[in-house]
Structures are given as C-alpha cells and as structure tokens.
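So, here's a batch of structures to check.
Across the two complexes that follow, chain A remains constant while its partner is chain B and subsequently chain C.
After this line comes the complex of A and B, so read on.
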C-alpha cells in the first residue's frame, strides 16, 4: 500500500510539473500583456520600463527558470493586474468556491439518494419514471443555461432569491462563510442548486441501479426471510451496500464540481476562484492562469488519491498494490 | 433527408416481403421499437436540415448590415419591423431577427460539434487501436495518458487550452478534440482488446496480411458499434461544451455567433425583463442536445450485444 501511495505521489508530481511547463509556455504564445498596462500618453521608454518591471524582457528560458525556482518555494508569481502573489489571490478566493462545492455535494446526497432509492424500489410506477426522465434532463441541460433560467424564474419573475454575490458572511477562523447567515443562505441557494443539478442526476442513477441490483441478492432475501421490517432492510442492509459506489463516485466528482463552479460562479457573480480564472483569461493575467491550473491539478491529485485509499478501506476486496497486473 | 435519418430507411423494407433479415434491417426495426426515439431521430433530421439550409430558410440574413436596422433592437416577439416584417421571436440587442440568428447559430454550433467529434473519433480510434494491437509498453504509456486526462473534467481542459490558444472557430475545435479524444481511445481499446484475441485475427495473421490491414480492415469494423454510441453522446457533449465556453467568453468570437454566444449576449438584457434574447436560443440548444441524447440512448440499447434478443 505504501509503495502504491509513493508511486502515485511521484506520478502526480510528474503530471503537475508537465502541466506547469505546458501552460507556462502555452500562455506565453498568446498576446502581450504589456498592452494591458500602457496608456496612449506613454512613450517607448515607459513601455520598456513596464516590460522590465513585469520581467517580460528576459528570454523565455530565464523567465521559466525564475518561475520554477519560485514555484518550488511556493511562489507562483505576481498577478499583473493586482500586483499581489497569484497563489495568495487564489487561496483567498478558494473558501468561497469550496463552500459552493460542498453545498452542492450536500444537495446531491440529500436530494439524490432518496429519489434514487425510491426509483429503484418501485421502478414501474409513474413517479419513478418521472424521476428518471428528470435525471436524463439533468444530464442533458447545460449548466449555464439552467443557471440563467433559475435567475429568470426565481430572481427576475418571482423575486424570491437574489441572483448575484455572496450576501452577508460570518468570519470563522479567518474564513468568510455565507451559510451561517440567513442572507448568505439565500445567496447560496441558487448557485449551489445549479452546480448540484448534474450530480443529483448522477446520484439518482447510481442509487437506482445499485438498489435494483441489490434487491435480488441473497443477503436481502435472507434479511426478508428472517422477518426484518422493510424499513430496516432498506435503511440498513440495502443502503449500506449501495453507498460504496455512490461515495466513490461523489468523491471523484468533487473535482469536477470545482471545475464546473467556473461556470456557476460566472453566472451568479459568486466571488470564487473560477470567476477569478475567467477574469484572468480575459485580461491575459498569466500568473493567475498558471497558478490556478497548478492549484487545481494539485486538488485533483489529492482527491483521486484520497478516494482510492478510502475505497480500499470501504471495500476490502480492492487491494491497491495489485493494480495494473 | 433519407441519408441523415436512420429511421426513414425503413421505408423501402415492406416492398420485399420475403427478404432475408439483414443486419441493417434488424437494426432499423430494433431502433423503431421506441416511438420516442423515432420522434427524436426525425426531430434531429429536421434540425440538421434547417442548419444546412440556413441561408435559404432564414427569413433574414442576420449578418447583412443592409437588412438589419439598429432601430429594431430588442423588439419583443411578434413585433413588426419598419418595413412590415414580423419578428416572430423578437430581435436581439443589435436589431437582428432572433429566429434568423438562431438558425445561423445552430449551423455554427452543429458544425463545431460535428467537426470536433469526427476529428476526435479519428484520433482516438487510431490511438486506441494502436494501444490494443501493440500492447506492452506502448499500451501502458498511452493508457496512462488517457487515464490522467480522463481524471480531469473536459470543461477544465478545454478552458485552459482556450486560455492558451485564444478565440476562434478552429481553436475551439482543437480544444474540443483534445478534450474528447481520450473517451474514444478508451472505448476502442476496450473492444479491440477483445477482438484481437479472436480466431479471425489469428487467421488473418496466418494469411500473412500486414498489421495495418488487420487492424483497420478486420479489427476496426468489429469495434464500430460502441464507437457510434459514444460518438453520439459525445457530440451532444461537444455542442453543450462549446456553448458553455462561448457563454464564458472564451470560445467563439462575436463574428461567429453560435447558440452559446447568442445566449451570452441575451443574458445582459434578462435582468431588465427582455427574456426572449437569451431564452429562445437556449430552447434551440436544448432541443438539439436532448434529441441527440435520446437517439444515442436508443442506439445504445439497440447496439449493445448483451441486450440483444
């Protein structure tokens, strides 16, 4: 197991370096960020000064060497626009994104599992068919479109919920959190539901498939023969067994929640790191783009590793060391 | 129309009552088991036709500055233009007839989705076949890359690539191909692995056929079914992804207004109650994606060998 973890860590480090190299050189191919800083009344000397201040006058290899040596020390460069360390800016925005992603994850579990369980237990009824049709829709509809419709219905027409921003936040251990105030919760509701929609559909399908498969297993028959009540069979014996795949997939999907939050944050003007990325792309703020990518690949690597390890603990049949043979 | 739509191929069948059951006929009759799926296929055929014939069908050329008037901007659905023409779906912020803009946008969205899908299939198929047939180190290396890429969401990969490449129709196709090839590579490899151990491959090798011939003429045709299913669903994904990226402002430039860009342009007017500019292009996008997905769903049921009667 420790060999497996070591090998995975090494491989992940390799992926991160490769990504950093790729994006560093790739981003340098597009546009010249100097033009974001010059005003019409600047002369050639001023432009050269700006270029020098940003470190863009040096050869690209030297820029890359500086970037890598700094990166090892945890410094991913200064944002061109804000003049602050890029990593710091991203870490500053991260709690907002994580809050949104966790809220969405919670919604996926709380809404998805009961619906999926119901659809699996009574697969032929009209409610089950409606649930399944709904889940197909959840898969098909693009996130951004659903977000726009939510704003139109709940914010513009009905006026129930606000459509932009985070609302009042409470500071806990230096983190600003929205979900502890009523106003914050109201702001959180629409973006979180928007982000959760795809995952709700996924959980419904997984739970339903798991339930239908498990209902014919011997242990369920045995539990029934033993005379256990139906709520106990479903709530304890069945649920315990179908939770393994659901937990694994949700864990893996957490990364994609963070990736999709780019879309949701842009629509609902949620001040997280996804919105920061989009702004950085539009303003050619290279250090932020690179820092975001390094950060997100790191997150994915950690998530994948944790899920793999958790999986082997939850399901003893999986042995990590035997992979790839 | 006939060539586009698998359902309508059923027409000539009744003419030959005694004909033996061919795979194609069985496929068509299996497909027609679901009325919903036939409806979806017909709808899809209509959508493709509308997109292909856009310049002849659209009531107005929305990019002809001589026709579009800024005085007609943001007219509600059903409004009359100055010269007595009715805007059935209203007009957008620049005074373009929204119905025409949607028809032209559909054309762009579909061509981006189909082009990226076809290229990604060719790339992924070749790489997947290579991995399965070569085996050993080559396979390990290729599948490692595929695994790593599939662990990152497609939207993220495309977003980063577009941050590097910039805007443009060719660039978004490149980004979508890179974001998608791995799905095809994995699918083809999985079925090719099974096929290459079959007797007919051994027989072909004994006959002294070249590797390329064995791979492309003998193994590949037997891996096509899952590829079609994945291809249909992935094309719908590609269309949705392009719309998302264009909405975020990193996909297509304003000169190539796909459905996603039309929605993006309409979004700013929505808070002031001018819903139609964003809603109608969205409905068009939705119908397209849902109908492709429904066709793909039925294809999966029909082509899945495990479910065959």
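After this line comes the complex of A and C, so read on.
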C-alpha cells in the first residue's frame, strides 16, 4: 500500500516538472508581460527598470532555472500583477473553487443516481425516455451558453437567484465558505448547477447502463429467489454494484470539474482559481499560470489516489497491496 | 412408495410475448412432487425446463408470463397471486439454486449479509439469531469453519464452495421444495459427486422435495426418484427414473439415452438425434418431435396426449417403444 502511494507520488512529481517546462516556455512564446505595465508616459529607461524588476531581462533558461530552484523550496514565484506570492494567491482562491466543485459533485450524485436508477429500472416508460433525452442535452449544450441562459431565466426574468459573486460567507478554520449561509447557498445554486449539468448527465447514463446490466445478473435473480423486497434488492444488491463504476468515473471527473470551473467562474463572477487563471492569462501573469497548473496536477494526483482507495473499499475483490487469500 | 404430495403442477403454460411472435416456452406441463422426492427435469437447451423452474418461483419476467394452469404448493394455489404474496413464498416455502455459482452470490456483499437478509426477509428475528442459523446452515452443507467463512466475500470461495453456500442459503428457511437449475453443471466431477451425495442425504433426512433441472442423464440416474423429459415446452415422458432410463417409451428419450457415451460400446458411433429442436415460435400443430422422429407417420400430425402406458409411467407419443422387441407401436 505505502509502496503504491510512494510510486504514485514519484510519477506525479515527474508530470509536474514536465508540465512546468511546457507552460513556462509556452507562455514566454505568447508574449512579453512587460507590455502589460507600460503606460504611454514611460520612457525606455523606465521600461528597462520594470523589466529588471520582474527579472525578465535575463535569458529564458536562466529564468526557468531560478523558477525551479525556488519551486523546490515551495516558492512558485511572485505574481507580476499583484506582487504577491502566486501560490498564496491561488490557495486563497482555492476554497471558493473547491466549494463550487464539491457542490457540483454532490448535485451530480444526488440528482444523477436516482434519475439513472429510475431510467434503468423502468426503461420503457415516458419518464425514462424524457430523462435520457434530457441527459443528451446536458451532454451536448455548451456550458457557457447554458450558464448565460440560466442567468437570463433565473436571475433576470424570474429574479429568483443572484447571478454573480459568493454572497455571505462564514469563516471556518480560516476558510470562507458560502454554503453555510442562506444567501451563500442562493449564490452557489446557479453556478454549481451549471457546472454539474455535464456530470449529472454522465452519472445518469452510467447509472442507467449499470442498472440495465445488473438487473439481468444471476445475483439479482438469486436475491429475488430469496424473497427479498424490491427496495432491498435495488438499494443494496444493485446499488452497491453500480456504485463501483460511478465512483471511479466521478473521481476522475472531479479534476475536470475544477478545470471546467474556469468557464463557470467567469460567467458567474465566482471569485475562484478559475477566474484568477483567466485574468492571469489575459495579463500574461506567468507565475500565476504556472502555479495554477502545478496545483491542478497535484490535485489530479491526489484525487486519483483517493479514487483508488475508495474503489478498494467498495469492491472487496480489489485490495491495494495485499493479495487477499 | 406413497408420499404426501407437496407440489402439484397442472397444465402450466408460460409464454413469452415477443415482437417475433409468441414463444410457448412452457406449454401444458403437469407433474406432481411428493415429500422427500427428487424429480429430475431433463431436456436439451431451450426445452423449457428452466422456464418451468422460474414459473414455479414466480420469477418469469416480461415479456413472459404464466398464461394458464395451476401450481399448488401444499394445496395452495400460487398462479394469479400478487407479487407480494409470491415474495413471501420465495425463499421460505420454495427456494431455488442456480446454475453458475460464480454468478449467483453478490460479489460486493459478505456471505453473512447475504444469508442474514434471506432469513430476515421472512422472519422478524434478531441479527444475532439469524447469524447463528446461517452458521448452522453452512455447517450442514459441509463448509469447514463456518464462523470464519461467514465474514468472507464470495470471491474468496471456490466454485464448489460457492454452490454449497447457495444451497445453504436455499435451506435457510427450511423450504418444502427446492428448484435446482443445473446446479452441478459448472462444477468438476468430484465436487459434483460430493454435492449430489449431500443433497440426496438432505432430502432423505428432512423430507425436502427437489426439482433437479439438468441435461445430464447420469446425474438424474444417480439422484432422482422420478424423471420428466421435456421437449419443446412439453413433458414427453415421465416415470420412475430406473424404468425410464432402462426402457424409454418415447423416441426422444430413446435418442437422448442413445447419445450418452457411457451407454455405447467403445469404437461404435454415438447415435444422434437427426435435425434440431423446433423454434418455440413456430411449433408444428402435431407432435413437435415428429420431424426428427424415425417412427413418425401421418398420425403424428395430431398432438398425442400424455397417456399412462404402465403404472406411474406416461409418454406423449403415438408410437412408443413399448417393449424392446416391439417394432411397431400402439396407434
């Protein structure tokens, strides 16, 4: 088990280095961040001062070397724009993004599994067909368009829910959280649903397919032959089996929830990492971009690890490291 | 031997209403089963023996359903009962064992969970008491150290052990009848012999009646008291197992026995039944075996009735093999 985790962490370190190289040189090719700071009244000497202050006067490989030596010590550089440590800025925004992503994940599970289960158990009815058609829409409509439509309907026309910001937050262990206040929840609802839409559709289809398959398995028929009630068969025998693929896929998709939150955060002005990233890209704020991506890679690795461990809990046939009997 | 009748099936018809037409998987099956008796239900794939088993459990799923007929368990009519009434019956008074022990136990639930729930579905007893009964049931089917095995998952058992667990689950509520659908087909021969021996002992000791569905005549010969041979959804011959296997009346039974290797001498060709089983969607109006039967003639265009040809033995044929020397037959 510990060997397994260690190997995973080592692999991920390699991925992070490779990614840092790509992004560092990639952003350098895109443009010179110095031009973001130049105002019409600056002369050549001023521009050179700014360049030197940002360390951009040195050759790119030297800049990269400095970045790497600092990175090993946990310093991912200072934001050009804010003049603060990039990692700190990202960590400061991370709770908002994670909150949004978790809310979306929760919605995907709470809405997706029951609907998928229903569609799998009664596949021929009108409700099931409606659910499946809906899931196709959820898959194919672009997130940004749905987001704008949601703002239009729920915020502008109906005026039920606010369209921007986090609302009131409560501080817990130094983290600002929206979901603990009613106002925060109201602010969270639209962006979370927007982000969750794709995942809800995914969970519906996965659950339905799993249900359809499992219902014809002998163990379900045997459970019926034992005289078990239908709720017991569906709730225990069926659900525990179909949760295995659902948990796996959702775990892997959690990373993409965070990645997709860039779009949702931009539309709903949600002050998370995604919005920070978009702004950083527009301003060529390289330290933030690199730090963000390092963070994301790290998150992916952790998530995959958690999924593997969860998987082994759900499926007794999978026991990490130990060989069973 | 006169036995008290436990299960009485008469003229049972289970049809499947598919887009291609009505498949008459079970079409007028009748038999009865006494206490402690083992009835072998024999036939090739698609003959309707498994559907017969599922009909007895009320487990026929759409598009199939029991169209008519009667199933009486201890004198109580089962056909036409609502689902909830079936549910309380299943696993309590009539239980079932399936063919593939690798597939019947839920892979993600522990054995004790799967056993305790089977008891508590029918009885309001404590988890501990149910667990104790599960332990006893495991011990009864010859599983060593049942206490440890209760906490194990199915994948930690071998195929033979899993089938024992399935049998133990079927026995939990002391049912009157067990329907066993080819339970030893997927096991190797030594395990099969052990399980057959134990099943036989159980039936003799407890008065449990059993319907043993199989295509293996050797198993039937060693285990069953009586045998019913199914072909295209109907019973074509039934009677005491030794009599039927020694001198079958029906040409189909005859052909089946002739195609078993152990009944033939080394170096001789196996006899085989020409042609193939008819589609259940398009059964001929007369005897469904006529097209493959060496004895068929014009009379066979009419469905023969299941007639008693000797005491306790019947066949559904116009031209049965009445004696080894007889060449013709009663028309």
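Everything that follows uses one rule, which is that the second predicted complex is superposed on the first by the 305 of 325 C-alpha atoms of A that agree within 3 Å, B and C clash if a C-alpha of one lies under 4 Å from a C-alpha of the other, contacts with A are read in each partner's own complex, and residues count from 1 in each chain.
By our rule, contacts are C-beta pairs under 8 Å (C-beta built on N, C-alpha and C of every residue); 3 or more make two chains touch, one makes a residue touch a chain.
Bear in mind that the values here come from a model prediction, so they are computed numbers and not experimental data.
Fit or clash for chain B plus chain C once both are placed on chain A?
Verdict on chain A: chain B and chain C fit.
Have a look and say if chain B or chain C is in touch with more residues of chain A.
The partner that reaches more residues of chain A in the superposed model: B.
According to the stated criteria, A:59 is in contact with first (chain B), second (chain C), both, or neither; which is it?
neither
Examine A:266 and indicate which partner it touches, taking first as chain B and second as chain C; both and neither are also allowed.
After superposition on chain A, A:266 lies in contact with chain B alone.
In the superposed arrangement, which partner chain does A:159 touch: chain B (first), chain C (second), both, or neither?
Once the two structures are laid over each other on A, A:159 reaches no partner at all.
Could you work out the angle between chain B and chain C as seen from chain A, using CA centres and rounding to the nearest 10 degrees?
Spelled out: centre of chain A as vertex, angle of 80 degrees.
Once chain A of both complexes is superposed, is A:83 in touch with chain B (first), chain C (second), both, or neither?
Neither partner.
Quick check for you: in the superposed arrangement, does A:231 touch first (chain B), second (chain C), both or neither?
Neither partner.
After lining up the shared chain so the two structures overlap, which partner does A:74 touch, if you call chain B first and chain C second: first, second, both or neither?
neither
How far apart, in Å, are the nearest Cα atoms of chain B and chain C after the overlay?
14
Between chain B and chain C, which residues of chain A are contacted by each of them?
none
Using the touch rule from the top, collect the residues of chain B that touch chain A in their complex.
My answer: residues 148, 151-153, 155-156, 159-166, 236, 240, 243-244, 247-250, 260, 263, 267, 270-271, 273, 275, 278-279, 282, 285-286, 289-290, 293, 297.
Residues of chain C touching chain A in their complex?
Going through chain C, the ones touching chain A are 57, 59, 87-92, 95-96, 98-100, 103-110, 117-118, 121-122, 153, 155-156, 166, 169.
Could you please specify the touching residues of chain A with respect to chain C in the complex?
Chain A reaches chain C through residues 217-219, 221-229, 232, 236-237, 240-241, 244, 314-317, 324-325.
Quick one: in the complex, what on chain A touches chain B?
So the residues of chain A touching chain B come out as 15, 23, 26-27, 29-31, 136-137, 139-145, 148-149, 151-152, 155-156, 163, 252, 255-256, 259-260, 262-263, 266-267, 277-278, 281-282, 289, 293, 296-297, 300, 304.
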